[in-house]
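Each chain gets a letter, A, B, C, D, E and F, in the order it is written, and its residues are counted from 1.
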């Protein structure tokens, strides 16, 4: 890893990012062909947190948040910080001070594979944060890293400027070049989901709506009344 | 595993199940002789969720919720879906659409070893859900499985029609044939617990109420004043 | 381990403990030279729980809460129970009954490496509890242990009478003899943090406030504009 | 759970069990329709351990191996002990003494969700053991449990007398009534696997042997030469 | 993810890859500036396994190894398969049959975030395999994926044709364009390590060899004789 | 934590430590009243490793092994290094170089909560190492810590000079002041275990040897023949 800060990477279109944010993580993930999730280990610091922004990526050393400070200077309104480390670290990389600074610069949220602290203050300020840990353990400011180089979390690569959406369901990243297409697909998908939800609320079955009875039959799934299942099932 | 849907299994009595639900998981578990818990890894999707119902069991393939759709058709008011997979899977097997369909059919809740998604919508709808993961990762509809065959979660076997109770403390399953007896034992236990809580609130000690001083003495537990403990304890 | 109950150990000063509690876990941990945390695995039973007290330490056998009952008799107003086991145990060592008894004796909170149950009742009563697990699994009362002997959790030793502070960020323990000094250092630190937060809210950068530009330069971190980074970075 | 020792349950046929053992865990699991695995968390105490026997099931309290002693008296040559607990426990439930006793009675092996100890002695004696943990932590002998009642591990129910096969790949359980059929299917499967292995060793492709090219085509998988993939793939 | 098989990507130079393999994972990782590790969760299937090859990357659906079969056709002598899934999966994606096919095509090894099976046969054949799990659980062949698209494991991106080195210490990936430089740096580093090892074997201290006494002094580390440390350390 | 190196702490008697080493971890742990284990997460780097020595304790920063180098200078023949960090760290704190230096100074082994690397070389040299992780990830040399201050691992406090024993079953620590007594108790216990093993090999039952039939009866465990258990057990 070259210790570098990349300045002013191209960013996904702000209107597109906002629209992805309204669609939410689950719909965006589906619209992107079931790709882009960052892993179930990232949880919101407070229930109901939602955010969407353009990725400002940060790679730190374990137990050291120096590069986070370097990243804040690079932040533009609409950005969302995505932080990870060169080796696993559960320490509290960000708390009230750093999130205050991020909010002051118009940053939309923070996603980190590390821990965070000052959860009560972050919750009260309603600053959106997703992390793998909560930890009061402080960090140093002595290890070089990188800002705005691609990072990889939970099998997904996040490049600077990509669109990142996060809510109670987790975090999803859409490459900048695909963001508009995914937003368009997501709008259609959201409409279908609205119709399906209304249908299910009226009692329609997924078996009928999605033509799954044929799938069950093709797979050899049989239907048996309970009172007839004992003899067929044998002694157990 | 035979790919089969068992229809209309006998179900635990609805009034008994409702009574178990009022007693709550901890009391029911104690009344059942400290048995029936499904494991600490199952957590409610929203704080305060409570549910009790008759088990409608579903066995799916990993990453595939086809049988969940087959199960919904079998659901009767008062049922509670219990879902697991043939191989571990953290994907989001159910979200807003499926829980809307379950609620429309009078299903009381959903317990799954997999992930769920659309947590914000589920929370807003107050539909009770317990899962091992939260994940936006979508599923396929292509693998056969079983509905209303016994499944096993966290060392506990859940048969269709068993009484299942879930709250903030976790999930417990009581075999259908024992439900009435456990409910009766639970009522007595709940009354004892009420009395004990009142006693403890007045300052009575568990040592006295449960005759534990004799146990401590039999086990050789001694009492030493702190100022005398250093010499006895040696240099450390 | 000698099965023993140590009575009336010296306790950290109540006013100092209260002050540490107001400072909160993260500030106290920093003021103590980044020491004393009990591990990220201890989480509050309800969001917003805060507590500070003098440690009343309890060492139990796995799946057995006998010594918890012995400990309650030793509790003085202002104490905070710190419970662990000789071998890992996720069972529900304490619930509504025990926390009612603790509250009746003026105990400020409960920290345990085990599970707890009756989370809904504990939450309603607003009794502060931190645990590693939530589990309805009941315990026995048959294994000897120790009360007010030093215990060790997550790499930190907790001696009876030490100051323990807990909030949404976790749990920290300060040795009795250092409590006053840490509180004094914490006050100064809190003031610096207030000033830093105000500065960050106005847009000041950590890079400037903490003189980190020199650190970055010394570590060889370079700044490159995005449009110039492709050639330098090679084909990937 | 009723505290009971069930004596002399019917057992799967010894010759069938031996044949299943020769087939090995992976082949038996496939022949049983991809069912019966006890979970990846069970690992052999020494590399190369293999065993097959009829299940002698034991349910213990956490940290207490009393029922293991009761089980040894019920053991018949050809049995294999399957041990779990009512609540999770990592303690060392069995070591040199108990495995010596098991070997003396012709028991084929031990599978336990708990820990084991004396691994060096067990390895030297080549007694086959699978466990979730290695732990020197000793146990008590004070909690009632059950012998030869069905238990459930990793989602699989093991009834007394079932056929259990274990090797480096894990542990699989086949219900007694299905053991002969699974063994017959397994023989055929093993022959197919031998033929496939020889074919693959000669360079035949699975794509051809299993007609997978059609599957890839139906799923829309396309083939692109690397030098042409950049333009198609967009800027990333 | 576009379902695609990329054919004949450019590959790192075979001689360079071989040299990296001789240096071993730890030295290569250091020579690459402490980058490129795939995570501590990947462990060799048998002790002593070592391999180096050019990455042939495979992205599968969870519980489905269809694309592994597609990948084998693309394998060239000197390749090393790197497999991951779109959603976590512990199933046994490869066993004796697939590793036989890989060996027949001159593939150097297999690295997978999933499980593997037939560990005994793989060990006997000495085919080098690293995986996150061992599991006999079989897979399907029904989900599209990708071959020779970049994948990401444990925070490291692996592109097709990159140099991959694996041994008892884990797995490291070096981008193709940097492989020669890292090999050259690694050679120098290995020589320094040889000299250091000889020096340490003669009793030289790292404190002297690396000039660490000055670092300790700058950080304020003091030296105290044990008999004088009690008074200074206070009562604890 | 005060950054300090304590020199020449009093050490447990070498002959006593050697005797504890011959007894092994499981017997020593029992002789110490089931105390002193450091946790199941510490595993030997190679099968069959055994060691006993006097604790030379090291507290490092996460990802930084500076204090390990300071510790080596303090090592005396017969010592055993016990290493942990102020915050969790899986990095490879020691490898071939450091273990070579330790061996050159007569150190008996290394126990660390971190990772280690160069496992193949360590195995070939037969230097005894126990760690929580294997990781090639390198460390820095820039964070102050402590040598020969008490540390705490897995709930056990290890003071400098304590007796530490490690083998395939894990790691146990005996306070220096108790080492002779535990060794004496261990000798008696080992003799009893030898007699018990011989008895069990002859077919004697633990039920008889330990008078457990009375315990079973007191706990209400009943014996039922399998053919009579169905009616008694009800429909399930």
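Everything that follows uses one rule, which is that a contact is a pair of C-beta atoms (placed from the backbone, for glycine too) under 8 Å apart; a residue touches a chain by one contact, two chains touch by 3 or more.
None of these values were measured; they are calculated from a predicted model.
Distance from the centre of chain B peaks at E, each centre being the average of the chain's Cα atoms. Chain C is reached from chain B by a rotation of 120°, derived from superposing Cα atoms (nearest 5). Looking for a copy of the A-E interface in B-C, B-D or A-F, one arrives at B-D, which has over half of the same contact pairs by residue number.
With chains reduced to the mean position of their C-alpha atoms, the one farthest from chain D is C. Centre-to-centre, using mean CA coordinates, chain A is 29 Å away from chain B.
Each chain gets a centre from the mean of its Cα atoms; for chain C and chain D, those two points are 41 Å apart. Residue positions of chain D with contacts to 2 or more other chains are 2, 34, 37, 47, 86-87, 90, 135, 137, 142-143. Those residues of chain D that touch chain B in the shared complex are 1-2, 33-35, 37, 84, 86-87, 113, 150-153, 155-157.
By the touch rule above, chain E contacts chain D in their complex via residues 2-10, 46-47, 66-67, 69-70, 72-73, 90, 92, 95-98, 100-101, 103-105, 115, 117-120, 123, 133-138, 141-145, 148, 160.
Of all residues in chain D, those touching chain E in their complex are 24-26, 29-30, 34, 37, 40, 43, 47-48, 50, 167-170, 172, 193, 196-197, 200-207, 210, 212, 215-216, 219-227, 229, 233.
Contact residues on chain B toward chain E in their complex (touch as defined above): 61-63, 86-91, 135, 137, 140, 142-143.
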